[in-house]
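Submitted below is the structure of interest, expressed as structure tokens.
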Amino acid sequence: MSTLNVGLVGAGRIGRVHAENLAFRIPQANLVAVSDVIVEPAEQLAADYQVPSVYQDHRRILEDPAIDAVVICSSTDTHAQMIVESAERGKQIFCEKPIHLDLKEVDRALAAVQSGGVKLQIGFNRRFDHNFRQVQELVAEGRIGDPHIVRITSRDPEPPPISYIEVSGGIFLDQTIHDFDMARFLLGDEVDEIYATGGVRVDPAIGEAGDIDTALITLRYQSGALGSIDNSRKAVYGYDQRVEVFGSEGVIIVSNDKANTAILGDNKGMHGALPLFFFVERYTESYLVEMQEFIACVLHDRTPPVTGNDGRVPVIMGYAAKKSYDENRPVKLSEIVASA
Amino acid sequence: MSTLNVGLVGAGRIGRVHAENLAFRIPQANLVAVSDVIVEPAEQLAADYQVPSVYQDHRRILEDPAIDAVVICSSTDTHAQMIVESAERGKQIFCEKPIHLDLKEVDRALAAVQSGGVKLQIGFNRRFDHNFRQVQELVAEGRIGDPHIVRITSRDPEPPPISYIEVSGGIFLDQTIHDFDMARFLLGDEVDEIYATGGVRVDPAIGEAGDIDTALITLRYQSGALGSIDNSRKAVYGYDQRVEVFGSEGVIIVSNDKANTAILGDNKGMHGALPLFFFVERYTESYLVEMQEFIACVLHDRTPPVTGNDGRVPVIMGYAAKKSYDENRPVKLSEIVASA
Amino acid sequence: MSTLNVGLVGAGRIGRVHAENLAFRIPQANLVAVSDVIVEPAEQLAADYQVPSVYQDHRRILEDPAIDAVVICSSTDTHAQMIVESAERGKQIFCEKPIHLDLKEVDRALAAVQSGGVKLQIGFNRRFDHNFRQVQELVAEGRIGDPHIVRITSRDPEPPPISYIEVSGGIFLDQTIHDFDMARFLLGDEVDEIYATGGVRVDPAIGEAGDIDTALITLRYQSGALGSIDNSRKAVYGYDQRVEVFGSEGVIIVSNDKANTAILGDNKGMHGALPLFFFVERYTESYLVEMQEFIACVLHDRTPPVTGNDGRVPVIMGYAAKKSYDENRPVKLSEIVASA
Amino acid sequence: MSTLNVGLVGAGRIGRVHAENLAFRIPQANLVAVSDVIVEPAEQLAADYQVPSVYQDHRRILEDPAIDAVVICSSTDTHAQMIVESAERGKQIFCEKPIHLDLKEVDRALAAVQSGGVKLQIGFNRRFDHNFRQVQELVAEGRIGDPHIVRITSRDPEPPPISYIEVSGGIFLDQTIHDFDMARFLLGDEVDEIYATGGVRVDPAIGEAGDIDTALITLRYQSGALGSIDNSRKAVYGYDQRVEVFGSEGVIIVSNDKANTAILGDNKGMHGALPLFFFVERYTESYLVEMQEFIACVLHDRTPPVTGNDGRVPVIMGYAAKKSYDENRPVKLSEIVASA
């Protein structure tokens, strides 16, 4: 097999990102079908990216024996079920995160993947970003020795609509989940205990919806390394995505990508560009690379770089953070697993 | 007309860059044909970018009434003739730089464009780069007041083969020509006089081929502003592409784009990534933007942002620089035009 | 009174720093006497900085009616008693931090200052550093709006001797105490609750001495703002002293001061200088400015910029952090005060 | 001899800088006398820096057998004569630059130094700056291989008064002379030929005074390396002092020193501090280091790091630049020497 026939489930914003990459930038993939419960965006996507088949029912994709792999970009609450159905039909699976907000559903999906004998890659795209990948590689090469402290700053440029907040599962499962994945990725180490604090600083309406918009999370890794994540739903200067890993032999720090390198000096100061606005601008390349990796893993029968377990653990961490915040005490991940 | 049918002449490295952009990233363009005197790369290009027609003879493209525009990426010595032929057949023209190394040929091509009543855009892609565009815009907005000094550093990571050097027209017409365009672009002002000095510092073989590999060029603009360009054929740390404009109210400085923002601190120092290696990596985006602009200019009947005159003047500047270097004295552009 | 006669108690490393500033860089101060229980360094200091009188017994200074102010740089355990004695004799007081590791002793010293009607400035010199002062001023001017998150990175280049560790009061009262002061200074807000975690990552001997060498501390301010401090006793790349304040209207970030701005680019990367090695190099200027401020406050009868209360609160915070670490739970400052 | 008795001639701004360093920061020096034709500033200086003797006539210093060395900070037109008189009396000499604007006077001074058998150090303080010294050291160590291109940007924050311009000798001998010294210092190579261009861009009154305020100078070194210096009398963003050396194995770039490292990010951009305002702020440290070096060279009988020849050559370069500008052609230094 030298090329892969791919079906896309979900024609929303992230679905379009994957469609463009599959159609135009990954010669080893043929995007042959797209489905969406709302047919109009699917048809538009098909027109834009030259996709032959458009369906309303994703099962048309799953039942097509010519399709090797599915890319699941439907709404979060359907991910687990989509994984189960795809695995049962022997499709290779790329699925957006999170797998599900209910850990039992996550486990059901992962069980189906295992019994189906298929591959599953979770869409934690930031792992494929040029900056973070560089940090991870340098850490893995031992360039900073034994890791002691991880710092992750992750702030959005603007909060999502309140309607979204209401069904998001809360900041820890919606926004911090990316940072939980990053925390694991950077060190290749598991977190043992989490202490989360935070509050409503950006918009009272977020508080009224039962969520918080500013958070500070402390991680203790199994190795004894420490981690700190700070989140905000609103950084007026743009999408703030920085990490730092400090260890016995050094430190690695990444700063934000910016629109340009121009510095204007006038009689008031030296002025530079803002960070790239949001994830579509910031992570363009990482969406392409993750999909290239998925296609290559299927074609060459390799384990995907973001596994089902990599999708599962951050959900557990999200629950631990939530419990920690609610009870204002450090919570071990083992507590969450035990009570699940 | 909402989309444009485009034929591509020349399937070399830069031809492939334009092909990918036309085929996959500019919905307003249909890449319908490609030609190359060597048919193999043209066929490969057609396969990779889904181009229906492949020809050995570019006239097949020019004679096709369904084709609205041609993108000329053939060898430099054929550009002028291709422009003439295309203009005679009423095709809209995008042509790689330089138009020709012989000023008479340049003038013949521009005359044909004028009598043909077609548009011509020259491929000075760096004008569309995010960094340089930002500088130009801030200068044009008056953010640094009246420009006084322009500095351009333009160093390649490695010299081209000696066989290329021999037919390149010399460093001023081959490498500096981009910087001459940049010098005009940044200020929107014409250069009056040039003083060029330089030598063979990188490779004696370049000297034996009759060229130099290191140059320092002083520009005097008509406004009285001053400019300085430095060139090298070999910067071991990568492609060095920086500019600075200093004026009565401030300064704008751009630094290089890098592979990532990671800084590694260890007991020896703080270590960051190198500049992006060469023009394919560095100017990826600018090739897309220049082509988007060309397509939009044709569709909306606007003057292209890089005109025939913008292609002509840097050739004159190249001659002035060469004469200045040969005679070790400042040379006015008017001398070159008068003697042409 | 246009100049101030100053006596210095303690001729150790920090005593010499203050002596040089008082003798040579603050025309409004006359350094007229120095005392140290070990007379040799006091004599050397007197020779180097032209100090007329040298004593072994600090009371000789306190009893001299010509002396207006004392600068206390003796060992930490003597600070509180020195303050009491100085206040009783009506001397204006500059005292190195911390006032004392025992909160009762702190309170005794502050009571003496109050009944003596003298001024007391505590040597939290970092407040006078050009970088941190700039952050504080921008925050106070409202340039970042309402503060949401504070990040403080404070890592030493090398741990002190184990003999010092043993009497230091532990990392929270010895190293973090500076960061607790910084946390208060930057926002002008009090901390309500602290959660501290950490471990022995640098040197097992530090653990054997009953201390830790790596710490991560979460602060919750009374305003609801959040703070994060990370500490290490050993950063191989030098003294790492950075802060960041994020708020509703922006962010302010300071990076380290370096030995020079030179960047060397070679075929391996772009290499820059390390941060200045340690506090003597890094905070030279701040020691001068704090002393200038103290002298000016006495001469012009102003309240010193770092008060007795500013010396007291970080001690409470250190106790809260220690309790939090010991019991692995967030601890309110009010708990410490109540139990004191 | 373990300490040196020093007399200072000239109590102006730069005289005060040296006085403070000699009095307070260089234990090996005793500043025992100061003279100035205007006695008031000399008396003020003596009071501020505890100098025992104050004279109106510098000969009182030269005739004092207890004085080992003189530091000449009188007006430029007196430097050569002061050097001659000092050398005749066997005093070791530190003299501010330039030695004289008339090359014959320079030569007369250097001859006197030689026959007097004394040491002479010229006050090219920038050589002792932490940034430029680092560049020079890395170049000398061969870290960038064979030097190919030097770039020097040297812009003042504001022009001097027109009355000063009128007697300054012109921009090349007044402002660029520092950069000529830097150009020699960085490579340890002599310049063979200079091409200078420029104009009046800042203030027409400077043109009316017969000078220019903006200049661009091309250097060709004896080794074949190229250099470029740009000057302006007015950079609104502050004192702009940058250099870059590019060579076969790499590049070294220094940027400006700034008041602080704080970056403020708001919804308009990322804003940093301006460069330090002018030479007093920017080069504080270099004035101290050059004087420490002078004192050490005398005490340990070493050749001063900036010799009489180092004072002479930049004057020649200034003349070559002036001639080049006047005649708009490259001028060899040998032309100037031959015609002197």
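First chain written, first letter: the chains are A, B, C and D, and each begins at residue 1.
By definition in this document, a contact is a pair of C-beta atoms (placed from the backbone, for glycine too) under 8 Å apart; a residue touches a chain by one contact, two chains touch by 3 or more.
As the structure is a computational prediction, the values presented were derived from the model and not from experiment.
A.B. asks: Between A-D and A-B, which chain pair is linked by more C-beta pairs in contact?
C.D. replies: A-B is joined by more C-beta pairs in contact.
A.B. asks: Averaging each chain's C-alpha atoms to get its centre, pick out the one most distant from subunit B.
C.D. replies: C
A.B. asks: How many Å are there between the centre of subunit A and the centre of subunit C, using C-alpha atoms for each centre?
C.D. replies: 42
A.B. asks: Per the centroid of Cα atoms for each chain, what is the distance between subunit A and subunit B, given in Å?
C.D. replies: Inter-chain centre distance comes to 39 Å.
A.B. asks: Using Cα averages as centroids, what's the distance between subunit A and subunit D in whole Å?
C.D. replies: Subunit A and subunit D have C-alpha centres separated by 58 Å.
A.B. asks: Going through subunit C residue by residue, note those that touch at least 2 other chains and give them in order.
C.D. replies: 236-237, 249-251, 265-267, 273
A.B. asks: Can you tell me which positions in subunit C touch subunit D when the two form their complex?
C.D. replies: 23-25, 27, 48, 130-131, 133-135, 138, 143-144, 249-257, 259-267, 273
A.B. asks: What does subunit A use to touch subunit C in their complex?
C.D. replies: 146, 148-149, 151, 153, 155, 195, 197-199, 201-202, 214-216, 218, 220, 224-228, 230, 232, 234-237, 240, 246, 248-251, 328-330
A.B. asks: Would you mind writing out the residues of subunit A in touch with subunit D in their complex?
C.D. replies: Its residues touching subunit D are 236-237, 258, 265-274.
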